[in-house]
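Labels A, B and C are assigned to the chains in the order they are written; within every chain, residues are numbered from 1.
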Amino acid sequence: MFIRNAWYVAAWGDEIQDGQILARRICNDPLVLFRAGDGLVAALEDRCCHRAAPLRFGRVTEGCLQCGYHGLTFDRHGKCVRIPAQDLIPERACVRSYPTVERDALVWIWMGDANKADESTIPSFPYHNDEANWPHRHQVIHVKANNMLLVDNLMDLTHIGFVHGRTIGGNEEMHARAQTKVTRAESGLSFIRWMLDSEPPTTYRRLYDFEGTVDRWQEFEFVPPSNIIQWSGAMKSGRGATENRNQDNTFSFRIFHGLTPETESSCYYFWSGCNGYEPDDPAATEMLFSELARTFAEDKDIVEGQQERLTERGEQGLVAVASDAARLHMRRIEQRLLAEEAVNNQVRSTT
Amino acid sequence: MFIRNAWYVAAWGDEIQDGQILARRICNDPLVLFRAGDGLVAALEDRCCHRAAPLRFGRVTEGCLQCGYHGLTFDRHGKCVRIPAQDLIPERACVRSYPTVERDALVWIWMGDANKADESTIPSFPYHNDEANWPHRHQVIHVKANNMLLVDNLMDLTHIGFVHGRTIGGNEEMHARAQTKVTRAESGLSFIRWMLDSEPPTTYRRLYDFEGTVDRWQEFEFVPPSNIIQWSGAMKSGRGATENRNQDNTFSFRIFHGLTPETESSCYYFWSGCNGYEPDDPAATEMLFSELARTFAEDKDIVEGQQERLTERGEQGLVAVASDAARLHMRRIEQRLLAEEAVNNQVRSTT
Amino acid sequence: MFIRNAWYVAAWGDEIQDGQILARRICNDPLVLFRAGDGLVAALEDRCCHRAAPLRFGRVTEGCLQCGYHGLTFDRHGKCVRIPAQDLIPERACVRSYPTVERDALVWIWMGDANKADESTIPSFPYHNDEANWPHRHQVIHVKANNMLLVDNLMDLTHIGFVHGRTIGGNEEMHARAQTKVTRAESGLSFIRWMLDSEPPTTYRRLYDFEGTVDRWQEFEFVPPSNIIQWSGAMKSGRGATENRNQDNTFSFRIFHGLTPETESSCYYFWSGCNGYEPDDPAATEMLFSELARTFAEDKDIVEGQQERLTERGEQGLVAVASDAARLHMRRIEQRLLAEEAVNNQVRSTT
């Protein structure tokens, strides 16, 4: 079951080149993404309405997508505009199209009722456009787990001490006992964790020249259905970090996390690393990216193992612990959104 | 669901060498094929009646097949003729056998009621035996799609312009608008398409030395359940091709297509290319074969993609177009044959 | 369906090194095995009770197992003894543990009701500890077949002539007609086969310097649920082998076979080869092992093929033969044990 009336990241903008077709499966719908004549991204069902051939075998022609089997051609709205062997085009000849918006280097897609697609609810991440102050690199990785298991992962950072001992972890107990303040909203949540006067972890030391202990923070914002905006960093202890994090000589980076469901048990993990500490040094941006990539690979392994167990035995016998607080609030928001959508669908189908 | 009271191609004759065992799955029945003592091909269920071991692990001995596990030995009719540790052989000790006929380089198999196996209904393709005038090469490829999707493919040749643009295709619109005459029979159909005064496509030009435009034809005969006999060619425009295609200096080749179901979603594609234009030149026959092999690989890709979509969503929402005419007639014949077989099976099970 | 109130081999003792975690699936339960503080092997469910992460990603610490996701820590009994972010540990925070016993180089596990785990019913195989007289090498192979198909295999040795023609087989008819004496007990069975005055097979000749014909024996004991103890050998004919097999200049070896179900259609095959003929020569022990490994690979192939057929069509139409006698007795014991367990479970669930 997926929340469908929602914006998901479908692709990085630079994944969709002019004239090319990108195939993805989102919320279990097979799709193709391409740039129509105006450069805007179109998203169509990856299944021709003639004989069900995947449209990804086709080609982009005059801003439309031509099926590679018998040549039916569809515009950005999924309307068939050409059938090679005949002049009359039946009304029914069409494929499903999906609203898309390209913003902040990301292509967003709306998987549900197109009438409800409100662009103003797309989370903003202007750092992707701010090459001068927050140069970034990004990628997408495929994870064989339900996307919400990765949201879970990011809502309970006590895992850092255990999963990321060789990268951003370090002292386990420090992570477990980090002071965390959760701010709950009806439509999302955010939290900030402080590790004051602490040793910088391995990854931080590889990226930045620290002296002595640091005041380290992790600030996370969860935006439903499954996007997370992160700001993390550290500065020398005693400089009043908790009052003001925008000081010079501060190690700080931002991450965008977009967790988009492919199927019930697999997802795409879109993420970026934005360098806020040495923005003029491309090598620093590159190094931040490769260090973060290592930590995401660590998460991928354990979350895929978790998915195997859940697929086989479900949630039976599981016990929540104190550090699940933010995660449980997030899950309640999800449940409410799913329930609302189920009610709406029922109303629609009975009227 | 398969039409079982029908002849399918089980193998090329030269795939079954003396003393060897060829394992195939046809209509979802696992089989072994081997040459019994008289050189005739036998087809048995690939499952020993003792402990269900696959007979393909066995060996051919004295014209019989000996199971490789405990040595039970079966004759060409599936009757057990030896049990190593005992003298008495129970009547029930037998495996299913299937009627086979070797003809025109092909081994045909009857998957249904053996009493109905009428050899006279096997399609004839004498060109496989006519090395002087129609030398050929053949192969079998495995396709992860229902066999009827490949019959569909051959019944709607407008696909040639799109799928085979780099081989036998060329002008898409020309293929879509080619004059096609379909001849419907109760037990099959044939059609011929003419592209008069047209440019020869890439593949044709690689195979033959054309000057100027050609009159090009494609003649197809569908023989249920899933065999197709093709004669294609081209000659210089203006020489009366539509009246007489058996003239000198004509580029012409024949193809046998045998589409045999392995499972509901996979099949064997047996095909040959017979060289009717330079029969004395083995290199020409070889080159025809390799050019055709490229076009079949193009079909395989798109048809496998089509199968994925149909497996997932079925035929819902699909729209037929004008070029589906022959295909739809073919599908009606199939439906009638399936329905007849279902009635027969019901009658048999109630009497 | 598995017999669960039974001892199965879970591992070779030397597979579980201090501080390491070995993951196995037994009777379809995912498990981890590790050495607790006292060196004794502990077996826990491979699923953390917090978020279902596999415990195999964790680490052994102070004789306990710490989950690699959020750090919950479990003792050898599956009791949670630490939750990083909190002081109170709920009673329900635990994972299933399984009784284990390490004996004769093997780690045994009890998969059912722990109250019924009686160590005295573990089969004894002291040769694994007798390096002076029976030096051995061992391994475990994974077989994609129900474990009972391999027990079947060992209960009907007429297969040797057919499956192992190039190793321990040789004359097929001799194997089929070997004099076999089966001794049935309520809780197991044993049999001995004699091939008197026979040619030693290929494998035997590679391992030992025979002159002339031999009196050869194979003695097997089946211990439910799925363990088999074998003593095989041969000595020069005419020396009274049937009266006394413990003579000098006798080629003799012992094999322990432990067939442990992984799933309904896969298993672990634990086996050893114990050299009783040249105990002082490590090269002879090594060579015995590699010859036996070849025969087990031959069994694996055919039994995996058999499993495929049984998965697809079950046992329908199968016919027992004379050589199935021991096998059928073994299967009746299994059925009785399964039925008893089903009754016990029913009684337990209604009281």
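Following the convention adopted for this analysis, contacts are C-beta pairs under 8 Å (C-beta built on N, C-alpha and C of every residue); 3 or more make two chains touch, one makes a residue touch a chain.
The shown structure was predicted, so the numbers you read here are calculated from the model rather than taken from an experiment.
At the interface between subunit A and subunit C, under half of the residue numbers involved are used by both copies, so each side presents largely different positions. Rotation angle, subunit A onto subunit B, C-alpha superposition: 120 degrees, expressed as a multiple of 5. With each centre defined as the average position of its C-alpha atoms, the distance from subunit A to subunit C rounds to 48 Å. Touching of two or more other chains is recorded for no residue of subunit B. Residue ranges on subunit C touching subunit B, taken from their complex, read 152, 156, 158-159, 161-163, 172-173, 175-177, 301-302, 305-306, 308-310, 312-313, 315, 317-323. Those residues of subunit B lying in contact with subunit C across their complex are 30, 46-47, 49-54, 56-57, 66-72, 83-86, 90, 92-93.
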